[in-house]
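Read from first to last, the chains carry the letters A, B and C; within each, the first residue is number 1.
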Amino acid sequence: MTAAVPAERAPATIHRPPLGARLSRAVLPAFTAIAVAYLFLPIAVMIIFSFNDPLGRQNITWQGFTLENYLTVWGRPDITGPMLNSIIIATVTTVISCVLGTLIGLALTRYQFRGRGSLNLLIYIPMATPEVILGASLLALWVSADVQRGMPTIVIAHVMFCISFVVVTIRARISGFNRSLEEAAMDLGADEVTTFRKVTLPLIFPGILAAALLSFALSIDDYVVTSFIAGQTSTFPLWVYGASRFGVPPEVNVLGTLIFAFAFTMIVLQILWGRRRRAEDQALAKEGQA
Amino acid sequence: MYEPNVFRRLVALGSVLVLAVGCGIAGQSPTPGGSTPAATTAGSSATPSTGTPGTSGTPGTSGTPGATSTSPTETGSPDTSATPGVSDVPATPAPTLAGQVTWANWPLYIDIDEETGGYPTLEAFQQQTGVAVAYQEDINDNAEFFGRIQPDLAAGNPTGYDIITPSDWMVARLIRLGYVQPLDKSLLPNYEANVLDVFRDPWYDPGNQYSIPWQAGIVGIGYNPTLTGREITTFDDLLDPAFAGRVGMFSEMIDTMSMALLSNGVAPEDATPEDVQAAADKLLTSAQAGQFRAFYGNDYYDALAAGDVALTMAWSGDVSQMQLYDNPDVQFVVPESGGLLFVDNMMLPNGAQHPADAYALMDYWYTLEAAVPLTEYIGYFSPVEGVSEQVAIDAQAERDAGHPIRADRLDQIARDSFPSEEMLQNVFNYKNLSEEEERQWNDLFNEIITG
Amino acid sequence: MSRRLRWLTPYLFLVPGGLWLILFFVVPMIVMASVSLQEGSLGTGYTMTWNISVYPEVISQYSLQFFRSLGYALIVTLATLLIGFPIAYTIAFRGGRFKNVLLLLVILPFFTAYLIRTLAWKLILADNGFVLGTLKSLGLLSPADHVLATPLAVISGLTYNFLPFMVLPLYVALEKIDTRLIEAATDLYASRRQAFLRVTLPLAMPGVFAGSLLVFIPAVGDFINAEILGSRDTTMIGNVIQRLFLDTNAYPEASALSFVLMAAVLVLVAIYARAVGSEKLTSG
């Protein structure tokens, strides 16, 4: 194959545009930029209205610029408390569902075993179940088991509906992977754990990252299921929904903006710090596929 | 609460349920439906879990209504005991305060000190009585909150709340199902002395046996004259084809159906099934003709303020806010055909663990020192005598002290949050629905809002 | 691990997650299945009567909303695929070291409460708001035109909210494609178009399959977008179930309708999987 590469061809590590060159060079990035802008349109509105100075209860018409909301929000435990709960729940949910989901994903793609069909069913059905039914049935479970509802029950529910999304995402990554690299590592004397840590994990990392992002978004945004099994724990979506009866205060936008800014900064920093290591990992991964 | 033994119980419960279902299918005995919110009674003597060996090891399962109640009437069907029955928890609580009380309310429904984030009126209450209030903003929606606490109430478990704050129609449902305790009025002297007459003996709870009002408002019509081009006076204007596609309705069944009944000249309280059918038909015809832009919850506010709808069902306090801050054009009117008074209420759910403290807190809200700061912050129709007068006085004081914005806000509350006598003349009661009626009304309404 | 116990490995991987799903999904669902066969009311309690006729009843009563939901979800899946593929493609092949930043950018908007996002959309799409107002004043739209409360609004809302569920799996699948394969194709005198259709696209199929499932399945049962952005004529099956359960307290009907929905979705997924041959694709 490589023999056919003419001398003037770029080396393989440089990504060549597989579509029409012009399309790929101008249209695609432009399209992506527009799409990202589209995704951010409501966020821009949220950020703008975090600086609004509404006189009444409703924060829907622009009434003047102020920074005051960014100070007053800290004196509002009624808003920050639920937000903190939501972040904790989403973080724990993400970790648990990614571990459990990745294991299932690996098992489904790497091993032959009995019951694969039923397992597929088990993965897809929760996604197809209306949330109100998920919530109500879980509540029934907790009531009959006489378990107080609160953060643990919320996490359990969120993990339950996130696992499916993780498995499906991870499978899209693992399927079709060449196992030769792992086999090579084993042949060279690495045990299974080392092979997993040094070879498999880096290979499937993008899948895990994507799944983690999905889980976090699903968990931090969930309203219906949570509302049933929250007990006396309030989460951000619950609070905001209830608040909408009276008018969502600008401090809610402030918190949304801050979370947004924080996540953004963290990732940029992480990218800057972890750039070199990732480059190495990727080089490894590419070789693995060769 | 999340110790390992809970987990063990769960695993046991899981196997019990699986086994039970297996047995249930085989033996034609009922499945463990008793453990669902739906199933307040499994309705059979041979409940599955008693038949499985796992029960002894899982005391938790015996908490399920279906599993314990061999006779369905005991815990299972509270409505047979609508008045005393289930709630024969002593109506007179222990005179001593426990020092704490847990209260479920809606978000943003209390005054907040925006510096400290504390609740000044609740802190003052604690100073006075030594009772600490666990103030929980746990109600986001009446139906959802009901869905959340119903299984516990049906099973006879405590909900964890000492006071809950549902809206009127939900009050009626909770009473009907026997989920709440009758109130001992001798423990509510301030309430007896200071409640406004209009709030006495409400439709949803005759004689205020189970509930006392928290805050209230009027359901009428909000409209934008520049968009309608004419004055709006009655509910039938909402059905005028001239406004097709620019009309908003409430997605809350009881509000919309009651207003439609009124427009047919029927007081909701006297509505026969035929009246309801006629009102529903009228709404359905309009709905099918595309008269209504949407059925709104709270978001009708945005639609009216932005001009997406020209006229819509609306709450009084909201529209005056909108006029002041978001859209000066909008108007509120109590339709000639009649408006509705909605009331959110404080209630004592079954299993409340600190009833004495709950009484103290409920009664506290009927003192001016608590009710006035509350109203000045949240701006709703207070059921307490003298609040509107005091708010007006405070508005003047603020103006004199050179705080015009705050003074305007207080003036607006004093003026618009409290309906005039004339307005109240034309405000009607909802109907206290039986379960059967509730089902009929809901079925008719579902057809109207589901296209 | 000894060779003899090798066969255990997949089960060890499956047990924690599988048990979680069985305990917290299957068991509660069995309870709901029994609810769907009960009759009664809140007041009198519900009794198991094996009332199977509730199933045909709800199917015939709500078939319109059913097919509408399936239709919307199908359109939304196609729309997210059309919008999402170029995004994922750009990030995977052109993202360079900003891949992860770009990926995060796509998902970051979904870390805020849906209510804030959706209310923002209502402001943006208001009849005389920023977008429509401008178009109207330019004379491109007539004053009566509106987007909110139309199927377009609901489908756009769904497309917006489910876009990341398409982009992420697509990215995950595209990112692992060895670009040398594509080069080999072009070297062998395939046009770029052919290379895309014959090499890139087939290799991306696991992502397309995963993304379609992650969008289609939850979109069918969604109710939030129809509730906030729609009108009477955009009622989806999720709204019906929500209303039957919470407002009408018709628990058996709501449960039955849910099972019908789940069954329909599973059948469609099975058909789709067979058509794409994805079982082969995704099971590697």
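Please note the rule applied: a contact is a pair of C-beta atoms (placed from the backbone, for glycine too) under 8 Å apart; a residue touches a chain by one contact, two chains touch by 3 or more.
Please read all numbers here as calculations on a predicted model, not as lab measurements.
A.B. asks: Of the pairs A-B and A-C, which shows more C-beta pairs in contact?
C.D. replies: Answer to which pair has more contacts is A-C.
A.B. asks: Farthest chain from chain A, going by the mean of C-alpha atoms per chain?
C.D. replies: B
A.B. asks: Rounded to a whole Å, what is the gap between the Cα centroids of chain B and chain C?
C.D. replies: Their C-alpha centroids are separated by 33 Å.
A.B. asks: Go ahead and note the Å separation of the Cα centroids belonging to chain A and chain B.
C.D. replies: Computed from C-alpha means, the inter-chain centre distance equals 36 Å.
A.B. asks: List the centre-to-centre spacing of chain A and chain C in whole Å, with centres computed as mean CA coordinates.
C.D. replies: From the centre of chain A to the centre of chain C is 15 Å.
A.B. asks: Which residue numbers or ranges of chain C touch two or more of the other chains?
C.D. replies: Within chain C, residues 22, 27, 31-32, 119, 123, 245-246, 251, 255 contact more than one other chain.
A.B. asks: Please output the residue numbers of chain B that touch at least 2 other chains, ranges allowed.
C.D. replies: Within chain B, the residues that touch at least two other chains are 10, 13, 32, 35-38, 141, 144, 147, 297, 299, 302, 306.
A.B. asks: For chain A, write out the residues touching at least two other chains, lowest number first.
C.D. replies: Residues 60, 136-137, 140-141, 241, 244 of chain A each touch two or more of the other chains.
A.B. asks: Spell out the part of chain C that touches chain A in their complex, as residue ranges.
C.D. replies: 1, 7, 9-11, 13-14, 16-18, 20-22, 24-29, 31-32, 83, 86-87, 89-91, 93-94, 97-98, 100-121, 123-124, 160, 163-165, 168-169, 171-173, 175-176, 178-180, 182-184, 186-188, 192-193, 195-196, 199-200, 203, 206-207, 209-211, 213-214, 217-218, 220-221, 223-224, 237-238, 241-242, 245-246, 251, 254-255, 258, 261-262, 265-266, 269, 281-284
A.B. asks: Which chain B residues qualify as touching chain A in the complex?
C.D. replies: 1-2, 6, 9-10, 13, 32, 34-38, 58-61, 63-64, 67, 102, 104, 106-109, 112-117, 134, 136-141, 144, 147-148, 151-152, 155, 157, 160, 297-299, 301-302, 305-306, 321-322, 324-327, 378-379, 405, 409
A.B. asks: Would you tell me which residues of chain C are touching chain B in their complex?
C.D. replies: The contact residues of chain C facing chain B are 22-23, 27, 30-35, 37-38, 40-48, 65, 119, 122-123, 126-129, 144, 146, 148-149, 227-228, 230-235, 239-240, 243-248, 250-252, 255.
A.B. asks: So in the complex, the part of chain A that touches chain B is made up of which residues?
C.D. replies: Per the touch definition, chain A meets chain B at residues 54-58, 60-61, 63, 72, 74-78, 135-137, 139-141, 143-148, 150, 152, 227-228, 230-232, 234, 238-239, 241-247, 249.
A.B. asks: Name, in rising order, each residue of chain B that touches chain C in their complex.
C.D. replies: These residues of chain B touch chain C: 10-11, 13-14, 17-18, 21, 24, 30-33, 35-44, 72, 76-80, 141, 143-144, 146-147, 150, 176-177, 245, 253, 287, 290, 292-295, 297, 299, 302-303, 306-308, 435, 439, 442-443, 446, 448-451.
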